[in-house]
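Provided herewith is a single structure, encoded as structure tokens, for subsequent inquiry.
Chain naming follows the written order as A, B and C, and within any one chain the residues start at number 1.
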Amino acid sequence: MGMLNNRMNLFVIIVGLLLFLLPFIYESRTLLILLTQIFIFAIFAMSYDLLLGYTGIVSFGHAMFFGIGAYSTGIILHRMESTIFTVLLSLLVGILLSLVISILVGFLTLRLKSHFFAMLTLAFASLFLVVAEKWRTLTYGNDGFTFPLPEFLRDRTYFYLVSLTFMIAIYFLLKRFTESPFGKVLVAIRENERRVESLGFHPLYYKVIASVVAGTTASISGSLYVLSLRFVNTSVFTMEMTLDALLMTIIGGVGTLIGPIIGSGLIEFAHHLLTDLASISPIFERWIIFFGILYILTVIFFPLGIVGTIRNRISGKGKKEKYAKKTVAG
Amino acid sequence: MEVLLKTENLETFIGQYHILQGVTFEAIRGEVTVLLGRNGAGKTTTLRTILGLSPPSRGKVFFKQKEIQELPTYKTANLGIGYVPEDQGIFPYLTVEEHFKIATKGKGDKVNERIETTLALFPDLKQFWRKQAGVLSGGQKQMLAIARAYINYNELLMIDEPSKGLAPIVVEKVMETLERMKGETTIILVEQNYLMAEYLGDRFYIIDDGKTVLSGEMKELKEHEEWRKKYLGIS
Amino acid sequence: MEQIVNLLINGLATGMLIFLLAAGLTLIFGLMDVLNFAHGGFFAWGAYSGIWFYGVTGQYVLAILFAMFVGLVLGALTEKLIIKPVYGNHIQQILITLGFMLVLSELLKVIWGPNQLPAHAPEWLSGSWLIGDIIIIKYRVFIIVVGLIAFFTIHFILKKTRIGLIVRAGVMNKEMVEAMGIHIQKIFMLVFMVGASLAALSGLLLAPYSGVIYAEMGMDFAILAFIVVVIGGMGSFTGSLLAAILVGLSGSFMAYYVSELSIAVNMLLMILVLIFRPQGLFYGKG
């Protein structure tokens, strides 16, 4: 694993450097925007992977934190002067709100069995959606609102670099986190919660922390997302957002962190391509259906996703086989 | 002496744990075969493995000379194996009557006849006929669970710790009932209550750490106090 | 007075719709330990296929039967292709049923287009009765009647037939039912089909009530059904009726008096139930 790990780090650094140089070599506004989008969703999907892949919990309400970040940034930049300071402040507010809410929701829900947890998170997220729809004085309801950006962020190249930096930094931070002793306990919980408990650990406490880290990370991606659009509406709280993260994580590969990045690239890229194809046949407008089917097949036949399956091939089978079953199997 | 059921080197995993690591024993028609062993030795798992509730990863189960370890649970049960699980497996919101009805195979008069015969053996259950089984006492639940396994005239009954959690006087009643069933049917009995095992059993097997380690006729175990000390922790 | 009667009827009608959706969900959960996140998909499919059929033939009663048939077929396919490969694995189940929900609603858009479609009640169910000075809308009464018929039919099957007995026993202890020689997998399939069919019925009944159908209607309503399943007690059929009426009524009165709070109150109820009485308020009522 160690060798593989080093090679993986090297790979990430090289690809990261290439991506940093890209805007100076090849100037394409469309590509920059697309890649920016990919980076932002990769952050969101990685935060989801922390829950699903590393801790073995399925949340259907992760959009909640994405939306909290999105609205924090939107509302603050809409109401206050738009400067670097307020942008940072809005990120921070989103993080703090997510922190508080993930602790509250976590303690309420994480002691429940997987079914109930999934259901309850779904319900919580829909509650936030309702609030965003109804609290019109703050959110302007379904239609949402636009807001100004500070000068430097209006530059697409600059924003591209900022998003890329965020993605890479978060990737390495989460990697550190998952490889720490704490992260090892999370994986142990995924594998066999009762055993972890009998060893004297308190799984609830670990799960809450994991959901706090996942929630705050998701909030950052939500903030970046609306910064890239200069606009926010209730769609950030919808089920579709959570579904996107789920598709990216599952298809890319659960419990790998790099998988969600690849999943994000794949899905956003395909989205882009297939939307263009929609002029040929309207079936391509429903591009998500292909991913839905791909996703179902992945869950049944390749529960490790792209990255996991490839990694398995490289490092030989044997004991990895069991891991394959376990990851999504829980 | 006809061997009704036989297992060969059963190995069973639960999750990643290797629970059974070689269980081999025979149950002879008409006899009571007792499985003994400490808490957690693997007795319950052995019964569940035979029934296919925790399927084995290796080893064989023969019932009337036929291999059955690959059969799904319902098919195994339909061969004529009745099961009384350790927790009795009572349906708390079904009435006693419904327990009898759901357990009885076949149609029409046959059903009523079987219910009659079974009730003759378990007369106490009659007075709770229309009551939900959840309100019965522990002993009554145990009787109901045994009756439910008995009602199809199964050739083999597997009964898991029928004395568990019952007051001594109730244990005696259960014992009397089992004694009356003995001879009519073959029984595999898992029991921690040594006196009951000794009283009912013809043959014993001791399971330790997932393996059968010792077997013989019940009277041999009676004579060898040191075996009981070593494997069962009793004198 | 008039207002109260109307809110009552509204609430009961909504309650019945939620009940029809929740009934299958609760039985499937109780029996198979599967929480089917695609259940709302059957609901939306029932609405679309039924309204389409009604548009083609002009026969509303036949459209109801058609929608229920579509539900049966979808249920059978789902059980075989989607649920069976992942039995016993909760996380895979949750993931796969949600993915399937996505596919079901996208398919609706492929076939019938992404926009909302209008839906109307037939002539004989339109309009209202005037009793004293109270106006009673016919279609809402119709929903209540159909809901009650469905409830009593299934209640009868559960209480009086052998299959019903097996289902009830299976909800309490599946392994024991198998150990008595009953092939419970076959019963799973049946229950899944009936559950899907009831969901489809519910979707079709809702269509003229709300006037429009859209692909996401399934998920919106499924959340209410989840709430009902939890409050009623997972696996409890009667419990789901009582809880659905409770949620329907509280929704209708709340929407009238404090509309902002209605979903919040239901959710709060669910959270409280999950925390303090996870077996549900009505568990044990069968």
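Note that a residue touches a chain if its C-beta (ideal position, glycine included) is under 8 Å from a C-beta of that chain, and two chains touch if they have at least 3 such contacts.
Note that this is a predicted model, so its numbers are computed, not measured.
On a Cα centroid basis, the chain most remote from subunit A in this structure is B. Of all chains shown, C has the CA centroid lying nearest to the centroid of every protein CA atom. Here the spacing of subunit A and subunit C, counted between their Cα centres, is 32 Å.
Subunit B and subunit C have Cα centroids separated by 42 Å. Annotation: 52 Å between the Cα-based centres of subunit A and subunit B. Residues 56, 58, 60, 108-109, 112-116, 118-120, 122-124, 126-127, 130, 134, 239, 243, 246-247, 250, 283, 285-286, 288-289, 292-293, 295-296, 299-300, 303, 328-330 of subunit A are the ones touching subunit C in the complex. Residues 29, 35, 37, 82, 85-86, 89-92, 94-96, 98-100, 102-103, 106-107, 109-110, 114, 219, 223, 226-227, 230, 260, 263-264, 267, 270-271, 274-275, 278 of subunit C are the ones touching subunit A in the complex.
By the touch rule above, subunit C contacts subunit B in their complex via residues 162, 165-166, 168-169, 172-173, 175-184, 284, 286. Put simply, subunit B touches subunit C in their complex at residues 51, 53, 72-75, 77-78, 83, 85, 89-94, 98, 101-103, 105, 148, 152.
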